[in-house]
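Pasting the structures in now, so scroll down.
Two complexes come next, and they have one chain in common, chain A, joined by chain B in the first and chain C in the second.
Showing the complex of A and B:
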């Protein structure tokens, strides 16, 4: 069993003391002292309001926090929530914290939480982001409810986002997952989601953990496992997603965790995705909330410059990854001024597909392929922001929908380059 | 006079025939050894190719960047190249073994020298191959990291790394081969020092603004936050 080596004796002892549970709430943390308290309050209020009779445990998998995050998790009492809501839980709410490493490893944290869910035979396991300060107590019901009551195996979130948030999700992860696997899941890489005990057990014992890309991008692998394993998948509108740090400084790491893992999943699932020709909607619960648009603080000229520099400097790398036609088109776009800048959806889709095929063939180091996509993604981001400069809500949705249409239309092109890279 | 000529000619022909009769069996043995060697080398080649395919050596070679390097040099795949190398080394070895059977004085010494030189040649080739791989991999890694960090002289950095690693690999290879060891060592030291000095001067004089920008970015964290875009990928 994976748990034998993954879980420490002390953590196992704590889990044995808890015994079997109905719902497991997982909180992967690393230096989240500033934001963890409102999240914990929302979780506790959600448990009291929606699941007062259920046996619930909060598992905090910590990646070596230095700011006392684990102490805050175990020290936050439910008494304050009781007083405020005047509702009492009928069960003891356990909170366990364990340190899995000296630095943050999201994949390991998730694996530890799922291993605990497997050991405690949880019927539902919900993972929440420790920096979602806008979390409402209802989020727990919206995520866990469909798993606990309606027998869904996975509930993925849908957020109301500003147009400059989730750009990679809108421009690559969602369109590509949808075109490849045929399911319209808006957040294939979710920081908040709920899964059934069955899926948790199957996923924690799967082969995914033997692969480096699987370990680093476990969240997207979980979504792919749910789709390819024919588990029952649904989505829930949660509301506004807030992020403590919006800066794009860790873009390369984010690309490795998401795009790398998605590309890697294509290898083993080829027989399945190569036969899918269209996409189907996923049962979606709740309603989309309106979001007041906020001004975007982006230096467009800097984005254009980084894209153009990337295309020029990485030409020898691109020559081994991209077809001559696509590279030629990119060089043309790189010479455009901001006023006329446009990275069209079809060229972007072809770029991504050619990268995926090169990744499959390991034409150069796979990590280098993912890194080489970063400057091109910046170009696409700029194009997306310029296209939707005056748009909000539905207009942006239409733009994303149109991009998804291009990815689906060009899927035969992926199959073509997959078989013969150029 | 005529008789003497005939006698001399007869003796010469007899000597030739004796010599031919003496060397013919050895030549036949040499040909047999060469032919058997070819057959054995071929079997070895097929065996090595199968083992490399079974162990998915090409995948390893691709991920390490060797395949791209070989493609650029219009060479066959790494699996094919290695199996061909084994074939030729084995066959040339057998041919030299066959030649030594002829018993020609002087050739035997060269044959034994060749066999003694083989391991060093192999190690030198491996060093050259790994050096080329390392140069290609690290220069590309530096180029990608520099471009993604918006570093202005990404190509210069990448090329410098490639040159330094290549020079290092070449000097190691020549040292293993025993060719002009001292000269190579001195040449490496001089070139390495010159490159480093050149880079330092170039960065100090030509890139003083870049150096200032770099240090400001690293040290003035307050300013950094103001400059960053509010774009979240996920």
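Showing the complex of A and C:
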């Protein structure tokens, strides 16, 4: 029986027609018909404005949309854009689409996009989120430019966000990645980024795809690969990132994709990260834009209830994951009223590290470990929002920086529990 | 005896553009001449072309290579006599080669007797043969064509103490076509040459004949009226003679020069030419298909004239700014290669002397709708000399052999009108007719072959075109059709081999016969027809239903 192939014959046929490209724009989609058109317009305008001479292809890897998303991608003509912008396209711009049958899997979509970049020998591959309706044409330049012109291997975005957005990134993924791997990459799990053809090829042919967590958390694995492989990494300020409303079940899935993958990466990279004692900044291009604050759209009481309930109901699970001191502290916090609620940074860092160590030892099912972290993360979210209830911009950045400091300071504690925990 | 001028002969023509001065020197004075050209007609005939377009050979101070005429009814002494011209014309016709000559109708030299009389006094009968003004403020909306040398379209004449109008160099005053006497005299000039037997005229700079305030003084209705009048006289008195327009304009602006089949028979397709180079370098058919899709239909009796290079700079007037920047960066990185809005280089150096690309470009030239023009020397891959001024770098002596002066002249090299190309890549020791005639795989031999195939297949000159938009944008494919004859052309613009699937279902049941090797390719069925095409390779397939 023939081995199952990643790329369908039809997709391969389309790639043959495209041929070698300079820049590949990847759009992973699943039922994004409501938002995809402005994204495509911004991409096309960005190509015309910033890369008029380059060979560019837009590749849509779709997870089985039922709302006509792929048809919108292939049907959006660049001619409309150049007529409006009066910037003429020298070249044919291909927009091709392929569907994979397994349902929406970001890892599968990314893998197909990177495999295409490898086959087409793209010098730069940029992946964009189909729901970034605030995308500006300049995003393409800010992401691709450093790769295409300045020989960077990865460009990660920095967004201007409301304080109630990107909380997982600010409270866990960024501080943890920074403390572990020593690079201050603000969005280690990004839905928008650019990478070099070299990194795309290396990553798509790596062993990551043989691991379930690697497949589901491919984006963060890509960042870790870039760091651990000593690729040249930079960041670019993009501007405002609007975030689609997500349900509670989305959080569990997001934790699996991100935290699970990050924890998983610690296993194979221990020799590297265990010797890193501080963090270094990475080249950052552009300037942060100011964002008008919006009212917090979070039900704080609900968060507190979910945290307290989780701590109570999952106590048997926590006894196998957490140290007695940490669990005791969590139980104390769970009894606090919202007016005095505080999940301190050091307790949160220890919590995360103990989860990481338990994950490493597979104390219980790894998936259960990640799920068990969800209610605790909600508690930390509440504490973050309360701490910064009157803060904006720089104040919040100082708060995040302080948290990162705690994670870095407590890294020896991670090494300790990593080795000791049975 | 003139050749019988069948209607539409120009549609089946392949034109060879020659400068008498540059082709062959018979008397050893270092300058090519008509006797020398006549001696080389066997070569022209063997090449396979069936028409010669002669650049200006009239008496002239030669400040613009003959485009500054001082006498319309004679031959410049450098090139021989009128009798020499007649002998050449007869010899060409005996070989079945038609002769098209230049007619510079828009302007004369300032040394022309007409201008000398005109400037002599406001009361002179020839005063109104040119466009005079007391100020230099009229027609402000008119662009300057020779941007590198001219500051204004008006020039001060110290003799008549007034300004005269000129669209080109200031020593080339524009004739005043609002004066019926000018129109009548220009027709008399054309009649003079038609009576000698020439087969047609390339009319130079036709969009600029008339000036009107508040316009850009180009393509005006009054200009078209003058052309229609000339055409009527040609048709009435010299049926079959051909008028070819030099109008460097966008397709939509060019279209009126065909009128209802009552103005020009042919016009150069200027916008297509740079886009062929662009498409080749971009490895993308888009520039070519776009401009041809924007090209309007022309009357059945009319024809486009296509070319890759000519005696002028590779003009970039009919491209957008972004396209022009791209062309400069790709084809003229050294700024000395640039002139006005163009690139003063020959075909082979433009294409890095890459035989595959030279063949592909000639393949497109010969297979796209229109009559192809080959610029002398390009059939052997001659180079240029970018260190010669103006456009002289692409007007160097024809390279006949590896001997003295490349076989062009027996004169001392220092006395040649222009130094021949001497560098080790394109010099006459390396690139010349004699050595290429001895090599059946030379560019010259290949050019003869493709010209022969083109001439044997009327569909190329007269057939319709339909583009096949294969998903692979690096492949430019089209079907040419005339009556029952169908030819499929597939061009790979890429430096890499390409696979392409062509939708040929409407030709189901036909077999494909490759026209160069006569090999049979598989029959067309219901499935997309899969071809693999090598780097810069092209195929011409004749479709046969057997």
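Criterion: the second predicted complex is superposed on the first by the 412 of 422 C-alpha atoms of A that agree within 3 Å, B and C clash if a C-alpha of one lies under 4 Å from a C-alpha of the other, contacts with A are read in each partner's own complex, and residues count from 1 in each chain.
Operating definition for what follows: contacts are C-beta pairs under 8 Å (C-beta built on N, C-alpha and C of every residue); 3 or more make two chains touch, one makes a residue touch a chain.
This one's a predicted model, so the numbers in the text were calculated from it and none came from an experiment.
With the C-alpha superposition on chain A as described, chain C and chain B fit side by side in the combined arrangement. Within the superposed three-chain model, A:309 lies in touch with chain B and out of touch with chain C [touch as defined at top].
By the touch criterion defined above, A:34 lies against neither chain B nor chain C after alignment on the C-alpha atoms of chain A.
Shared-chain residue A:19: touches chain C; no touch with chain B.
Once the two complexes are laid over each other on the shared chain, residue contacts for A:298 go to chain B alone; chain C is not touched.
When both complexes are overlaid on chain A, the residue A:91 reaches chain C alone and has no touch with chain B.
Once the two complexes are overlaid on the shared chain, A:198 sits clear of chain B and of chain C alike. When the two structures are aligned on the shared chain, A:165 is found in touch with chain B, with no touch to chain C. Minimum Cα separation between chain B and chain C in the superposed model: 38 Å.
Interface residues of chain A, counted against chain B in their complex, comprise 164-169, 189, 191, 243, 246-249, 251-252, 254-255, 258, 296-299, 302-303, 306, 309-310, 313-314, 317, 320, 361-366, 368, 371-372, 374-375, 377, 381. Put simply, chain C touches chain A in their complex at residues 278, 282-287, 320, 322-323, 326, 470-474, 494, 496, 498-501. By the touch criterion given at the top, residues 13-14, 16-17, 19-20, 52-53, 55, 87-92, 94 of chain A touch chain C in their complex.
The part of chain B that touches chain A in the complex is made up of residues 59, 62-65, 67-68, 137, 140-141, 143-148, 150, 154-155, 225, 227-234.
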